[in-house]
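What follows is a short report on a single structure.
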């Protein structure tokens, strides 16, 4: 039976820019990856779309299609919660619904937004906190405690983010490129995330000892490591 | 060729109370473990000894012998720097000497004191910072970047310590007991560290999923993980 | 007229594990102690109960009875708000209701959950923050500013908790044991909290100078001390 | 066309005590200043009023009139959202409404409550966070990114506030006095804020080099400076 | 036998501006108070003196006399270590000397500089850290663990200082004024510290419930409270 | 008379990678810029040199020449303190010497290393702290309080660095390239810093509103802004 990764993303682009390489890597290692996308991002990060004259409903359709395309390019499943973004309202009811979704999937690893003080995108903080509440609710109902990792925010230098793990995505970089190319509404972000992946790789290749690393993504870790018998260095 | 762990301890007792289980575990896994003990702890943590009427030189001898006994019980080598404690003076010269020692040993893992704000034992903070400087000096001279882990301080609730890794030491608990019993000068600490190991195990056995864990030690991690290809959960 | 302590607990077990000794001590000193228990904890921390085949309503009954028994063992009153747990929804209306309850009781001391980043139990953070809002609302309506203390979370090493006060509960330890024994649904927690009380006492007996202290509980303090004319050391 | 400053205040007094000097200064420099006052503060900070025997509705009227008087004394416009205070409920709907108000005004500078841990007034934290969410929502709809500054809380020594900017209000001090005098319900606060303005000026006049500074207000800055070509020292 | 307070001050003015009221209060309560003044402050905070044409040696004499006068006005003893200031060099030898001085006096309470990030006066941070090291060294030699309190820095809004205790100095205010008047070299600081004492009193008189408080000093607390049997509210 | 910027760099490369664009920009605006380079970096960051077979003295010469070439390319003066690096020993004597150098130059702006927890390069932290002490020493001797800015460390995601200012260096990018090309010993760093400059520009061009910004450097700010009459947005 396959191991499973669950990715919970506030908007359609988030899982692509922040974790597409990691998703592709796990898929290529034989994992089942499911993405829950809480909103269509039709308020936020859609400025480019509205300049073309489309309306809100059209924007939802376009961005949903972009995200579905990116997920397909990565070999992952995707579900849409359809909540309005900016500002995302994660009520207790929605948190319980999310807990049920987590429990039903039984993930071995969860990726989502870091709970840090990301001032430039409150929806991301709201998502990180809601996932934490849903996770504990699911755990109280018997879910195995899967490790949870946090996305690196767009501008870590603004919000006190600290990387706990660097993932080498060099071998799946082409797939991340394909996924990024699906995001036509936000296409101006593509270059910046390529610069970032290269910059992060300079650490992994240098101090990290992964000499061949040319592209990397980083994540924070929500809980300490204790599943294994050693330091898992 | 054996993998190597280097443990740098401010006083004779520190490596015992904080990491004897982890040392024993790695030794039993076939690693070579070397301990560098910076002082004999003849000023600090030796109150019990002086009540017996001994002097400073005698205290150094006794505590050195205790530490050597504990190292032997764990199957580890030990070297003594012989610096005075309280307050430990880690001058630039001593830091360069330590860098040479690190470089000569070529460790795969380093354990030492956390650099956090341990108000109740400044020697521990001084050691953590000195190791960090020595480590970077050694790295600039060509040492491989080994991961560095920080001891849990005696009272984490006073100093903002956060555990990054829990190590299950259940199978080597008997050896930790033997090492602790060598520390006759500080024998009143023994019970408290047993309580702590049991309490830490309650987390590892519960949320950590190590159901059989009955004793555990925790450590902080100085740098992010990036040597491996995945989350090493 | 008696002095009064108010304890606000997210779930039935919280006031027992974290503050039963302190409650018993104040009761034995002649204080009136009232506990407000916000939920029956029938979603969280009730896994053991459901294995016996009971349903949600039965769980509420059982856990309510356990908490009532523990309160009685301690000589304290208890009221139940009956809110659902995981995740606890402290809406503005409920916060105002809580403010009225605080105002009606006129406490001299309040104990509740710390507002720190307790990632492993979001209900606790939600409670701490709600009490803070309710407290300020009550204060604006004329309540005397009583000092507020925060429970030590289960795993302080995960959430940056800092202890401000250690309470010696050696003399009332038997009563805490009786209260803990009422919590049959969570009986596996009992040993861990005993280990913790002993470990905390090692600090109070050593640096704290309470030589006879064998069991202790710790608390954070929400506001500075300023009622008295001196350092209240 | 005039430059515009938007001030978002939880209660009627907040914009007066914390920013009246800065408002007056910008007005005297030719700016248009609009204040959005979210509540009438009829629960909080109105204890003095109720001692006179008035009811809630009367309190709303009185405090609205005081705030309107203060705004007029400063040469600023004021709008009232009319939300209940203690505790202020900034629901997603209200945040979207606020985003529309921000977007409609197109401010060049925004002043509001700091998002820091102001334990003594949760309404202030709730306001700071709501403004941040509303700001990002407005920005996603095309608003220019105006810099946002946070009020100094009443007691910065309780909540980790750090000043990023000191504003010299010496020349408009008389106007701040007039505005403060409008706040008859809270008149006991007046002296404390004068002491504070003088104390803050001692830093600005000393290290800041504004030798003539006799009264000052401080603010935190939500985002880094990057509009200009230099350090804007 | 008298209880004893030890005050360790980096420069001659520090103990006056930051703690003269508290010293006077304890003296009036029958305590023996000793001040250790590490430097004459002849480099720092002496700009006014040099404008009068005096040299370094003369400055040392003048400032020593001012501090001795202030101590006398407060009824306290004073000793001078005579170290150079800016930047104060607290070598391991000096820390051991300080440990001996602490041990010889056997204080019941210690006041000194907070160890926080006081960017505007590094000598203060150096002193706070040196006292902490000396304190632990003395404690290892058998000193009773006395509580340690940190001075409020000049500008808490710059350095993350948090007040743990407010001391009402209303009754001894006249003595603080006399002590401040001894500091002729720094006479421009006098007004600012009066403003601050009044502002701090506004908190103590309001939320603190000390209705008659008109002047206050605040302090941080280095270690938790555990000597007493209750919350010492 | 020209305005003056002082740049204090631990090693030869630091001022180039972290601030060459800003230096070039100020030079082109007519400022006099002086660089104080504390060491030749012959231990740290010189691994590439030693592979060519050179010795320590030769390395000092080569790296000094590289730094001098870079300074010349930027139109700045440079002085070398000649201290050994890894680990840099900033004794009280050296700090006083640095204070004299600062005082002699009378800078209007100072750039140096951030004092944050840069675990991967302790020399940088040591420099930042030494500059702070030297700065206050100089200020006590009458120096005007110039604003101090901190370099962005190589890996801000490891050390809690927060950017306070973004400087647009697009127009002087060619000069930064020329300066970087002088650093032949570290030439593998060049690409990483170009990626970083581009990534930082993505923030300045987006939220910062500098649409034309293609390359940027960021800095932290050591003290609040208070020289000017407004927010200097």
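Going by the order they are written in, the chains are A, B, C, D, E and F; count residues from 1 in each one.
Heads up, the rule we're going with is that a residue touches a chain if its C-beta (ideal position, glycine included) is under 8 Å from a C-beta of that chain, and two chains touch if they have at least 3 such contacts.
The structure displayed is predicted, hence computed values, not measured ones.
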Least step count from chain B to chain D, where 1 means the two chains touch: 2
Chain whose mean Cα position lies farthest from chain B: D
Chain whose average C-alpha position is farthest from chain F's own: C
Candidate from B-E, D-E or D-F with the same interface as A-B, over half of contact pairs in common: D-F
Interchain centroid distance [CA atoms averaged], chain C/chain D, Å: 37
Residues of chain E engaged with two or more neighbouring chains: 120, 158, 162-163, 203, 207, 218, 223-224
Arrangement of touching chains [line / ring / star / complete / other]: other
All touching chain pairs, where touch follows the definition stated at the start: A-B, A-C, A-D, A-F, B-C, B-E, B-F, C-D, C-E, D-E, D-F, E-F
Residue numbers on chain D that touch chain E, as the complex places them: 120, 152, 155-158, 160-163, 191-192, 195-196, 198-199, 202-203, 207, 218
Chain F - residues contacting chain B, complex: 43-47, 86-89, 119-123, 158
Footprint of chain C on chain E - complex, ascending: 25-26, 29, 108-109, 139, 144-145, 147, 149, 162-168, 203-204, 207-210, 216, 218-219, 221, 223-233
Residue ranges of chain D touching chain A (in the complex, touch as defined): 91-92, 95-96, 99, 129, 132-134, 136-137, 140-142, 222-224
